[in-house]
Amino acid sequence: MMQAVAPRFPFPSIESLPDDIRSRLLAVQEKSGFVPNVFFTLARRPDEFRAFFAYHDALMDKEGGLTKAEREMIVVATSSANQCQYCVVAHGAILRIRAKNPLIADQIAVNYRKADITPRQRAMLDFAMKVSQHAHLISEADFAELAVHGFSDEDAWDIAAIAAFFALSNRMANVTAMRANDEFYLMGRLPK
Amino acid sequence: MMQAVAPRFPFPSIESLPDDIRSRLLAVQEKSGFVPNVFFTLARRPDEFRAFFAYHDALMDKEGGLTKAEREMIVVATSSANQCQYCVVAHGAILRIRAKNPLIADQIAVNYRKADITPRQRAMLDFAMKVSQHAHLISEADFAELAVHGFSDEDAWDIAAIAAFFALSNRMANVTAMRANDEFYLMGRLPK
Amino acid sequence: MMQAVAPRFPFPSIESLPDDIRSRLLAVQEKSGFVPNVFFTLARRPDEFRAFFAYHDALMDKEGGLTKAEREMIVVATSSANQCQYCVVAHGAILRIRAKNPLIADQIAVNYRKADITPRQRAMLDFAMKVSQHAHLISEADFAELAVHGFSDEDAWDIAAIAAFFALSNRMANVTAMRANDEFYLMGRLPK
Amino acid sequence: MMQAVAPRFPFPSIESLPDDIRSRLLAVQEKSGFVPNVFFTLARRPDEFRAFFAYHDALMDKEGGLTKAEREMIVVATSSANQCQYCVVAHGAILRIRAKNPLIADQIAVNYRKADITPRQRAMLDFAMKVSQHAHLISEADFAELAVHGFSDEDAWDIAAIAAFFALSNRMANVTAMRANDEFYLMGRLPK
Amino acid sequence: MMQAVAPRFPFPSIESLPDDIRSRLLAVQEKSGFVPNVFFTLARRPDEFRAFFAYHDALMDKEGGLTKAEREMIVVATSSANQCQYCVVAHGAILRIRAKNPLIADQIAVNYRKADITPRQRAMLDFAMKVSQHAHLISEADFAELAVHGFSDEDAWDIAAIAAFFALSNRMANVTAMRANDEFYLMGRLPK
Amino acid sequence: MMQAVAPRFPFPSIESLPDDIRSRLLAVQEKSGFVPNVFFTLARRPDEFRAFFAYHDALMDKEGGLTKAEREMIVVATSSANQCQYCVVAHGAILRIRAKNPLIADQIAVNYRKADITPRQRAMLDFAMKVSQHAHLISEADFAELAVHGFSDEDAWDIAAIAAFFALSNRMANVTAMRANDEFYLMGRLPK
């Protein structure tokens, strides 16, 4: 019989959580209608939880040269290379919504080189994938290629930092068998 | 601006096709409401088209120890390893329908080891992935592991042949930049 | 003691085969003096047998921009990368005969970059090997490089399709422990 | 002529930094006699700086089943696999000091399988390296192997989280061409 | 037009060689009827020539637990993994002669796991290939597996040393574009 | 408890050695103050010992276009890629001394692309690493790139031969669990 993969580490009860973490969970529940499993998974380690989401927010919610959809493209492409189910499914949903494009997440997850993206976005993902998979080979030529497409050095840092942060996130999700909530699968696929 | 990836080889007009091929395209249009791009892509080579679909049908429509959903699982898992966008998206849709499960295709595409499948299906996919990626290492021990899960030698052939056939198919799809029709993305995701 | 590797799936008796398949085996026996094991291996699955050889003949016997020797070069190079004993030995024999060159098959099998081939053939094999091993990375630049050497888009399809077909064939041969007939080893090595 | 590799992103002046970050830099200067370059590199992005060090401290300074030397072993082994010069040199120094062993860091950096460590530490590093390089393959069997050596599930999380955090750190160090301060090379090598 | 690959470094004239080296070339010419290109290639560096052949002879001509045919099996299997045309073709010829088996060299070159060898020889080649490709992973378990098949520690050293010596040899042959003499291709293929 | 890794093959007693080998060991003891373990490890096979050091001396002590420090750079970079603890530690020490630079060995061992070296040395190491890891791909373009940096064909041979020789050496050291003597770790790190 089919069996749902269980989380490797049990979730804490919401009552047992420190106030600030419980508040964040309730806020996301209020906003999204459900609590993504990444919150429950990491909540059992409050200090790591706080650092993780502070880092996440610093990279994904900031101003800068990348749109929010482009940041999610980086997450989906690199998380797929790392075979991280939670991140591809959950951030695929966010990408569809941010890009207002129901096809883009699946395209990027399978092979971003064949996705309906601009040459600038292709250059962004080439750089992100190199950071994700072979960062020791990054050289000045990679920055130069980004510059050809109008990316500044600050943009390059943003791309690299997102790829690097999800290198962490993908590993934690795979080790904890983090399951994407059922709600993510359909999000952003239907016309409004 | 976003741009749809164009097929590398132009599609033939439906009028220019031999009768048997045109009939198959019209039949699938009648049944599905659209013609999947694999038909148009391969139709410009009628002899290869006929051999391809004869092979496909011999493996995917036959009786045997694997359910139709299980065959599609093999297609999705191995096509994802080969980064074949057409096959993951199109056969992911078929898998959702055959398995009556809106989540299973995305789970298997990203990391089949974390998917909601039975131990028997896990063994099936381990074997299929080894055939797909390292067939030169297949040994008697791999058949023995399948047997533990109740697979016969004929089942083992079926699993291997599907993985091998899509090794061909994935390569042709990537070389021809075969695009999954938009219709596939949502198929099997909504409750009936 | 040395022991010959046995086929993983028993061969059917020739009497038990459908008429069309038995006829093909008898014809190849008549022409070559022996029946290559690929025929006996696949004959136990008549529908797959027919599709396999229809596909094979559509690619290897057709007219086009590649000579028959060049098509066999593709088979030998890609089958060696996939460590397929049957295909390297059997198609190595055919390559020696088609190219009237007793050295070429061994050279290409070990390292085609050091073989006595033309720059055009080198470009052909570079493309074929990329399709065989990394088809997801094929891009317009690869077609352009082929064009520099005079290959048309139809030629590119031919190269890709042969590499893709033997991706299938190599996997089936490895899974079934398909053994190259002893006759192949010496074919084409002696002056006429 | 030899030339020192310059940091890819200029360091901010210490005066320009927010108070909390400047204080941390001054504190580490006070304690160590110099400011490790990771502080200056990340300080130009204050929010990321704060999250990075909060995460680092939550993993490296906490109580738990791993000694501080063992945590540094994980950093050195995984950072070497990722070819991160800063992390291998700087954390190699810390490892020598924490382990009171002038040889251990170089041994682990080159090939931890040949280092003078206990079987328990070998199991710890096998797990850490799998998280670092192939987290998608982590399964229940890996946790069971840790348990054989007395590691609890919380210890497993610690090992995984350190490997994951330095997956992030290694990528940022490589992208920013972060240079290990000269002081690190000799630290912990001389008898007190 | 087909063109023979030229040696990357010109051969010295036989007259220009030191006496001992010229004598060895003349002796091998006398015995074999031709001078294998490895002698001419390395002769331009007399000191390296002497060390190379002293090492070669110490490993390949000594007494010990491995037959001469088995030593050549190691050469052929590991040289094929390294895509060294000279070594596979030249030592393939020697293997056919030593084993009195016209098929064995091609079988081992393509996929030794499917060759007509004994389980003991299979264990020998598994160890040799691990030394050749992943020596950093060799552990006590590998020696234990050899012992199961009756190999002593001295035999293990022999296997490892042959694999290691041809790791050197394969690299020099590839860098110098060392060409296998035409005579090797047919040697050992015909019944006496 | 920490345990020092024991050599896989016991060392012979110095009295049991042939005169020439004992003399070499005593000479190196005289000069260096200790006998590096590579001498004791290989001494149990006198013929291989003699060939090994003859080869080593022919490459490392000869005149030519590479400085002695540059030759050691090649050893350290390629031995690190092969995860050879003995060679990285022992030749790292020699490199520090020859280059009169206490930092260079660790930098090159972890990631030579980030080391304080000249563009010419970078080109030298790129070539050496390709010979070490992918010699079958070496082509005329690699020699041309060396020539741009002023390396002659003889220099190219030297670089390749050193990388090839340590391909052998690294494998023997890993198989024999050759331990770097404690003395090496600190050599060349302190100002004279």
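Letters are used for the chains, namely A, B, C, D, E and F, taken in the order the chains are written, and counting of residues starts over at 1 for each.
Here, contacts are C-beta pairs under 8 Å (C-beta built on N, C-alpha and C of every residue); 3 or more make two chains touch, one makes a residue touch a chain.
All values reported here derive from a predicted model rather than from experimental measurement.
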Overlap of the chain A and chain F neighbour lists contains C, D
Contacting chain D as well as chain E are chains B, F
Farthest chain from chain F, comparing Cα centres? B
If I list every residue number at the interface of chain D and chain F, are over half of them used by both copies, so same, or under half, so different? same
Taking each chain's centre as the mean of its CA atoms, which one is most distant from chain D? C
Need the CA-centroid distance for the pair chain B / chain F, whole Å please. 51
In whole angstrom, what separates the CA-based centres of chain A and chain B? 28
Between chain A and chain C, centroid-to-centroid distance (C-alpha), Å: 44
Which chain F residues reach two or more other chains? 83-84, 111, 136, 174
Quick one: which chain pairs are touching? A-B, A-C, A-D, A-F, B-C, B-D, B-E, C-E, C-F, D-E, D-F, E-F
Using the touch definition up top, name the residues of chain F that touch chain C in the complex. 136-137, 139
Which residues of chain F touch chain D in their complex? 1-5, 80, 83-85, 88-89, 92, 101-103, 106-107, 109-111, 114-118, 174, 177, 179, 182, 185-186, 189-190
Along chain B, where are the residues that touch chain D in the complex? 111, 113
Seen from chain A, its contact residues with chain D in the complex are 8-9, 45, 47-48, 50-52, 54-55, 57-59, 62, 82-84, 131-132, 135-136, 138, 143, 153, 156-157, 160-161, 163-165, 167-172, 174-176
